[in-house]
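Quick notes on the structure that follows.
So that you can tell them apart, the chains are marked A, B and C in the order they are listed, and the count of residues begins at 1 in each.
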Amino acid sequence: MKRDLLGLKGMSAEEIKNILDTAKTMKMVVSQPNKKTQHLQGRTVVNLFYENSTRTRLSFELAAKYMSANAANITASGSSVQKGESLIDTAQTINMMGTDILVMRHSMSGAPGVIAPLISASVINAGDGMNEHPTQALLDMLTMYEKLGSFENFKGLKVAIIGDVYHSRVVRSNIYGLRALGAEVAVAGPATLMPPQIEKMGVAAYTDVREAVRDADIVMGLRIQLERQKKGLFPSVREYHKYFGIDEEKLKLAKPGALLMHPGPVNRGVELSSSVIDGPQSVINEQVKSGVAVRMAVMYLLSRGGFNR
Amino acid sequence: MKRDLLGLKGMSAEEIKNILDTAKTMKMVVSQPNKKTQHLQGRTVVNLFYENSTRTRLSFELAAKYMSANAANITASGSSVQKGESLIDTAQTINMMGTDILVMRHSMSGAPGVIAPLISASVINAGDGMNEHPTQALLDMLTMYEKLGSFENFKGLKVAIIGDVYHSRVVRSNIYGLRALGAEVAVAGPATLMPPQIEKMGVAAYTDVREAVRDADIVMGLRIQLERQKKGLFPSVREYHKYFGIDEEKLKLAKPGALLMHPGPVNRGVELSSSVIDGPQSVINEQVKSGVAVRMAVMYLLSRGGFNR
Amino acid sequence: MKRDLLGLKGMSAEEIKNILDTAKTMKMVVSQPNKKTQHLQGRTVVNLFYENSTRTRLSFELAAKYMSANAANITASGSSVQKGESLIDTAQTINMMGTDILVMRHSMSGAPGVIAPLISASVINAGDGMNEHPTQALLDMLTMYEKLGSFENFKGLKVAIIGDVYHSRVVRSNIYGLRALGAEVAVAGPATLMPPQIEKMGVAAYTDVREAVRDADIVMGLRIQLERQKKGLFPSVREYHKYFGIDEEKLKLAKPGALLMHPGPVNRGVELSSSVIDGPQSVINEQVKSGVAVRMAVMYLLSRGGFNR
């Protein structure tokens, strides 16, 4: 039975810990001059991206290449998608070419979950609409794990996630994953960008950023799509930054040494001030490195049959 | 003397058989976990695509990577084509970079044939205008060959090809290849989409699909460009499907167990009904797998000097 | 201390000679059937191109692959650039993924020089605005070196560079490099496309092409952007060719056997007549091959710490 990574919803703490421990080892590979292992020797990884992305696509591509996989990319523009082929037919076609792992980003929530049972390749969700972005949450957790030193320290960890919670697949995956490890999650953002009944996911929800950030161990900003402003969802970039942007003053409300995170790319001066992005508490660059390691770990474990130890 | 694959026109049965036998072996590679051989170790394959294509480009790219070639892609958008460089100069430039095999798709019939004598790299035609698409026909034939068991069984095989015959490079390559192996080809489609004097290619031509399909061993649908409807070449998608689309009822006219094929991507409910696409006679997915194998075989044989045994 | 290749300005003759001697060896690799060495085994090369380019991107990509690097491409369209991320943040992100060499093309003069001190990867300038394009000049010099036989013969070598000098980063890099090796450079072009005070760079400047070409050992045409015509910078393509295009008659003014060069892609019949492009003095195709070799040499030397012997 092949396994997929569609989301962190329902994933056990043991599985997450196995991924993170494997990723910790993989991270050493990313740091060494010779970034080439035999973990996926001759396996085929295809990145199928229906939404633009530099960082995520490149991260998966390099992760695959570092493990000696055959890696290839398909992006929506220039693909037969434009010829009206159904997503299922596209996926089945890619599958038949010897693909072992299909990495998929799609604007439709649930798209990877529709595809996964229909093909023999393992499907990795690289972001589906407003649903999940599991490898992003895993790389966030790996970055925390390396600072915390042990999984024990996730218990009671206070994580504040700030911004456009409503549209964020990153926040959803983080809530599932962090809660599985015993962390406490608080979210905050403009009332227009908060999902109704978000508390039912087991998180504390605030419209005042200060309340969410107070005494947090981790402060995570979420990317805001500037296009949403036009739809009246927030008043202006300046006002957004004033009330919801994380700057030095707001960051001081968190615990001393609290980590500042962001999935990137950051709109400087909007979600985060430049001073905190480039400040000592920022681990934003480290997150990027964790991303390659986590994707290596996920692909390797999938090629071995799954996430159980 | 280097060899090219510009089309199946004029290719001998022996050469085709050699490609198909080689491809049969290559297909095992596509099925195994470690899809990496040394057949093209250090050779360079460049895909130069002036028309969009996911499946064909990906198929060639993976075929090259499976054999350890250096593989790179150029697509028309983003290329120096936009800077007004001539096709010949572009091809010569790519050639000088150490390219051994240039895979080329172009909207102009005959373009690969213009380029081939001017460069040292072997040229593979991946579709040129309304002329030929030889690897597509070869993968169709490989899929048939695997079901038929021997080349002997191509003799008298009845192949019905249905749809936009006029614009199809797939049909032309199939006619050349299948007739070389001794098969009989019948074509059918709307009168507006049938080339005049197609019978001169040695095929039977019908405007009634039923007549072409009756007692066929193979029923192949051709992709219809929906844009052509605007030009008045066929009345409506619904009417097209009613008269020319292959559904369960029309497929029953063929021999029991006749194979259903399509080069993909399919417009579901237009050229083929979903019931036959997903039905037991469909080998459409198998064709995709055959495609990688055929391209491996063609590239390998070209790197060895040609298609003769 | 990591090294970068931002330009040839300030580079010593010894460094240039080391690159060219290394490239001469690398060129043998480009010519052999098995184009695969271990020089960059497991190193990571990312091409970040904010301007369209087939030849330069492909040349770097193949150079990296020929040396067994992990190679990946990012082009502006389809990148997070469109999401408004700053160039610096993009570069830092790519850097954190294990990148050893970042090859960068940007429309802004000086962009690679801004990035280089901020990241651990070596930066190679693949063309920045109107500033420099060092690997192009190095490949021009390698092509000359192979014909000249020794570095001694660069002393007093007369190089005439013709065309849109004002906008050309190629000419600037060539002036720095050629003068370091002891050559004499003359430039010529329409008065509207000549930078004021170009003589301060140590070159002779003419508005009459004939004067520049007379007795030259090397005649190099520069690409003209046809869009510039609309801005009134030159009268018409036909007139441009008449006065500034290099044809057989003008080429005869140079020394017998003078080499004809062009960075490509050529607008045939504009900068150069087809007769000289395809004539016996043209080394335009050889330049392309030199390009791959020079890029291999530069990347290899950077991975070893720099250009000193």
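Definition applied: a contact is a pair of C-beta atoms (placed from the backbone, for glycine too) under 8 Å apart; a residue touches a chain by one contact, two chains touch by 3 or more.
Computed from a prediction, not measured in an experiment: that's the story for all the values here.
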{"item": "Both-way neighbours, i.e. chains that touch chain B and touch chain A", "value": "C"}
{"item": "Residue-number overlap at the chain B/chain C interface, same or different (half cut)", "value": "different"}
{"item": "Rotation, 0 to 180 degrees and nearest 5, that superposes chain A on copy chain C via CA atoms", "value": "120"}
{"item": "For chain B paired with chain C, centre-to-centre distance based on mean C-alpha positions, whole Å", "value": "40"}
{"item": "In chain A, residues with contacts to at least two other chains", "value": "77"}
{"item": "In the complex with chain A, residue positions of chain C that touch it", "value": "41-44, 46, 70, 72, 74, 77-86, 89-90, 92-94, 96-98, 100"}
{"item": "Residue ranges of chain A touching chain C (in the complex, touch as defined)", "value": "30-36, 52-55, 58-59, 61-62, 65-66, 75, 77, 226, 264-268, 285-286, 288-289, 291-292"}
